[in-house]
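Listed after this line are the structures, all set down as structure tokens.
In the two assemblies presented below, chain A is common to both, partnered first by chain B and then by chain C.
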Partner chain A sequence: MRYVLVLNKLEIEDFGPFKDVQEMRFAKPGKVCIVYGENMRGKTTLLNAIRYAILGQIIGRGFRDESIHETGNWESAEQGKFGFRTTLWFDFDGSSFELIRGCRPRKEVKQPENDTDYEEYVDIVRDGKVLGPEERKEALRRVMSPETARFFLFDAELLQQYEELLRDPAKMGRQIREAIERILGVPVLTGARARLFDAEKDIQQDINKAAKKSSDTNKLATAQTQCFEIRTQADKDITDYQAKLSGLEDHQQSLRGHLDRLGDVSILQSERDSLKQEMQHLRDDLLLKADNIRQLNANLWLWVLEPKIEYLRGSLSAETGDWLKHQVYLEMNKELLGRCREGLKSGTCSLCKTELSDSATEVLKSQIAEIELSAKETNPEPESLQVEQLVHWKAATSVRVSSQIPFLLALLHDIEDMRIAVAEAEEKQRDLDREIRSRDRSDARKTWSDLETTQKEIGVLEESLEESQKKLSETEGRLEEIGQKLARIGSPEVAFHTHRLEACKALHDVFNQAVVELRDELREEVEKDATGVFLRLTTEPDYGNLQINENYGLQIVHKDGHVIPVRSAGAEHIVALSLIAALQKNSSVSGPIVMDSPFGRLDSGHTDRIMRSLPDLADQVTLLVYKSEIDRDLAIDTLRGKIGHEYKIQRVSARHSVLLPLEGNDHE
Partner chain B sequence: MSSAQDKTVIAVTPETEEILKCVEDSASFGDRMDVAKLAMSVAIMKNLSPAKSSGRNTRWNVGGFDKDGAINITLRLLFPSEEQPYRLAEDLIEAGAKYLNDLLQVDSKFHLLTFLKDMCPEDDDTIGLEKAATD
Partner chain C sequence: MNSQESFEKILARVRGTLHPDVPQDLVREILRIQIDIPDNDSEARRQLLVAIDKFVKDKGALRAGTE
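For the complex of A and B:
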């Protein structure tokens, strides 16, 4: 039977950079929800909010638990409001749930300073009814466990971990193997098998009681009782050792991770120095651009008046133009008039120098009169202003400021982007400084020492575990012998219980076999489904299929049947996604996938294929991506008809982001 | 026409000075004079009534405010009946500043993009302001 988990809505309050109350709706099954947000805006925090809502966990880099006190919104904290809350609405197994989880300062604490100053709370409402503590625990256990959550809620860092594990199956920890098998539903059978084993022990107790009643079998019964005690103690020891071993292995892994990071100090310092240089370039560029804007803004008043000024220039052109033309005409005629007057005075033509006749003189006089009359008919200047002023004004207002507006807009956008980049770089630098300060040498020495101690303890525990397992095995062997003797010489009551025991063992064997066959079947199904997804996602045509091993490690097999020994980062990525998709398909719980920056290291070819396959990876997919990871227009085009909701995480300040819905045609 | 009685200095009220300062700081203006000219233009384009107010403090000499005389002539062309263009300019600055104040956002900052969109005619997308403002 498959249980379906569908997320409907998430509401968060003062969680990370998400100040006050904000909400997002998930896409309905069959569709995708995409959230766009630049780095350090809150994408990973959103993933953490979903994880916190379901599991009560907040995970930071290196899979370490994050501080509750540090998770609350800083701006709200400055205003005296501490703590945070998540509310998740979802449907599961035919019921509707409202899961409220959060933390708040303890009553007696006025100004929280660390995690111990907070108390956490969780409430669940199922179909309108508030659940009690036990019901609540059971409901959460059924919905999603921390072990299985890693296959539903993951980010690039977790994906990278799978890639490493899939590449080196020996590294595939027992925990991940068990987590995979939990998703696939194997524990149902192994649980039943364990119950049968317990039933065997109970029947052995019945045999023991019956054997004690007869003097023929009393001694055997006593030996049997002693074996029971040894077995019980061995079982307990084994369980204790395994639990401690698991804890020490986790601790060992954490210490190794810490040492890796400690070793990167010089890299961090170099990163910080580059960042400082980058910030300086950005600041210099900002100053330059601000200066450009100041220069453009000096003429902005002209842009505002441009329509009116253009109209004035047009209407004045007619007046001033005509007047100017007339002035030119007058200037030309002035010279002609001068020559005519000179000729009249001297009685000689000014051009050919011949003496003027009477008729020629009369014509000349007439011409002079005509020109003088024409000179009087001047166009009046515009009433209020002299032409010279107007000509000057036209020159001063000739700048077409509107042609500079696109440039101004581009500058404004650049400045905004650059300011965000500077703020992000400053925050990153602060993180780096903190990280570098925390990694001093004494820390490295102490960590090495801790690691050595832990490894020694693991060694001792493993020896103890082996001894206990050997003792258990020997004791089981001894009990088998005693059981056989009792079967031969025991009373009818002993014989009856012995038959019961044989039936129980036979049933146990059947379940054992069923577990083995189920595991094989599931592995085959996972291999088949993972291969199907992988071949849809990969751009390499020569890849034939994926091959799974006992530990759920996956290898790529070439079409010619050979295993590909060395895989590119892109191929690793695809293999990991294929495993997750296959687990989803074969899981007893059909759940949503929430992926944070899953495309970061992929080329456009793989990104495109993954985008197209998203609705097939799981019933409900939510992506948290940054702009350069996926272009929005491309996403809309690729997922035509399959986008349920889109959001953008917008910066208000370095410590305040808002979740804004984006409009779209396909949206629900 | 005589401009003999026109103002030789441009003065603004303390409230207007505050608004001009806010705009200058928010939106990269090199000089508060540029903001004042902008306010004047806004008042003209938005057909605001020139604001007659008292308590103005001397701010700029007209020679510096209107170096090339473009403001003087522009006002005389737009308002032919007005005989004192600089006095008119002062009143328009007051009216325009109030309008700019209304454009100040929730965070008390003047956003140039919002202003450009506000001043652009609705049917005019040649500058691409609509797209730019919603990106």
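For the complex of A and C:
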């Protein structure tokens, strides 16, 4: 059975840019929650809020702890409201938890200025019951440790760290190796082994005390005591050296990370350049739309006159209609008159050409007289100029200005949106400029020099450590000899303690062997599972499998069995994700994954494959992404039916962001 | 790993490497101490020594009984 950790809801108050109280619901197991947000809007802060809720840690760039004072919302602080709070609702091992954690100014502090002016508070409610301090500590320890959290909550920076480790396993960080073993459950055996080792020392002391009671063994006991002293000193030295080494290795890692980021300044510059271009396009478009509005405004005054014009148009239609009827009448008469006159002149019908009788000739004469009379009685023909003006007015008033109002409003709306976009882009550009300025060259020089000094110190410490380990080994050998002699000639009491020592050593051997076997087995499992995930994620059909080494480093193996020596950044990214997925699968805790900007350096093919595999990487997945990393429509299409919740981080100001839920057809 | 299942899984693994002189019950007890008391070193070590002493005494009594 594995423990299952399911996150339900997060509520944050004044945490970073998230002013006042805001909430976010996680997707149910098997589904994915996506949070969209542009850079510097608060995605990493959201990841930190989840991390802080569980572990009480806020990690900044270069894995440095962030300041509590700086984490509180600035706008709220300006209004006299200091500190922040997170509340996380989750299920673990069949119980429901509400975990409240926050920082507030100490009672005596009115205007906090640094971290020491704050106090932290933690409350846990399990199944409706508030836990006491000890229960609280135990519950938190069981849910997640800082070491294992790195496999549940991670950002691109941490993913990159894995990639470096996987590329160069010799430099695999001690912390990460230990964290991998912790998540896999190795510490239960290594812990028991270490305690048995300590128990051996206790029993040796018992033997020494018993040996000192007899003159036969007193001399040996004295030599044994001296060895104990040497061993204690060597142990202490080794512990000290290892602690210093660990600190220096962490410092070295942090310096390397810092240098990497300094190298990334060109990326920031390129981001700023494209931002400038984008702003220019926006401004050009803005001018064009403003011109369109000016043109529409030129005729807008007609809107006021439109009812009157409509009335006039009606009159014009009537007048021009009468005139047209008259014209037709005149034309008809003209034609008829012509034909009658032609008939009289030729004495035949103009249509059938038969000869006209006298009576027919008389009818024609009377008809001609009637038409000529009618033409004299009708209204005089309108002036041709007047008619032209009538037609022109009718055409000019045919376009209704009121029908153009919706276009005008849409244009005004567009312009408003574009002005906001320009303002946001300008602010983003200012942020980028600040960031670029902060990464100056003198910083790089100083960091390189610091790194060189640190590497030298590590070298010296490693030599000292080796020396102490050698001394310890020699002393252990000497103690073994003394122990054997004492066993042969010692008193019954010494013999009894010697039996205890033998039992303890036998147990130690058992656990030692078990640790080796467990590690081997776990490595096999991790290799198998990581390979399965890797083959689903990679777009390269010739890759055969992944191969794990002693330090959990992974290499890509071609189908023909050869190790791939050079890997692309995308491939390394995929390998790191595969390791994380495999560790998740083999962990004693089945937990959620929260990934911040994980697709930044991947092509669309890899991104698509990862998106499709997300629901299988962990039981519960939360993605924090920016727009150019993954488009929302694409995410919905790729994860059809598998999206639980979607949110957008919307900017209100540089110090205030809002978490907005997005509507979706298949959302929970 | 804290669950009974995980415990048994580890025990099965340790059992596979058992020393002929180390009984399963003793291994089980050492594991229980490690799992139940992960953070209190002195108490864990005290309990561990009690378990070993009991094993040695029982073994001695058994040996005396068979002799």
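What we mean here is this: the second predicted complex is superposed on the first by the 453 of 668 C-alpha atoms of A that agree within 3 Å, B and C clash if a C-alpha of one lies under 4 Å from a C-alpha of the other, contacts with A are read in each partner's own complex, and residues count from 1 in each chain.
Heads up, the rule we're going with is that contacts are C-beta pairs under 8 Å (C-beta built on N, C-alpha and C of every residue); 3 or more make two chains touch, one makes a residue touch a chain.
None of these values were measured; they are calculated from a predicted model.
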| item | value |
| --- | --- |
| First, second, both or neither for A:308, with chain B first and chain C second | first |
| Contacts of A:295 with chain B and chain C, given as first, second, both or neither | first |
| Partner chain(s) touched by A:334 [first = chain B, second = chain C, both, neither] | neither |
| Partner chain in contact with A:199 - chain B first, chain C second, else both or neither | second |
| Chain B versus chain C as contact partner of A:509, first or second or both or neither | second |
| Touched partner set for A:405, first chain B, second chain C, both or neither | first |
| Chain A-facing residues of chain B, complex | 1, 27-31, 34, 37-38, 40-42, 44-45, 68-70, 73-74, 76-78, 80, 112-113, 116, 119, 127-129, 132, 135 |
| In the complex with chain B, residue positions of chain A that touch it | 290, 293-295, 297-298, 300-305, 307-309, 312, 316, 383-385, 389-390, 392-393, 396-397, 402, 405-406, 408-409, 412-413 |
| Complex interface listing, chain A residues touching chain C | 1-3, 141-142, 185, 188-189, 191-192, 195-196, 198-199, 202-203, 496, 499-500, 502-504, 506-507, 509-511, 513-514, 517-518, 521, 588 |
| Of all residues in chain C, those that touch chain A in their complex | 1-6, 10, 13-14, 16-19, 21-22, 26-27, 30-31, 33-35, 38-39, 41, 44-45, 48-49, 52-53, 55-56, 59-60 |
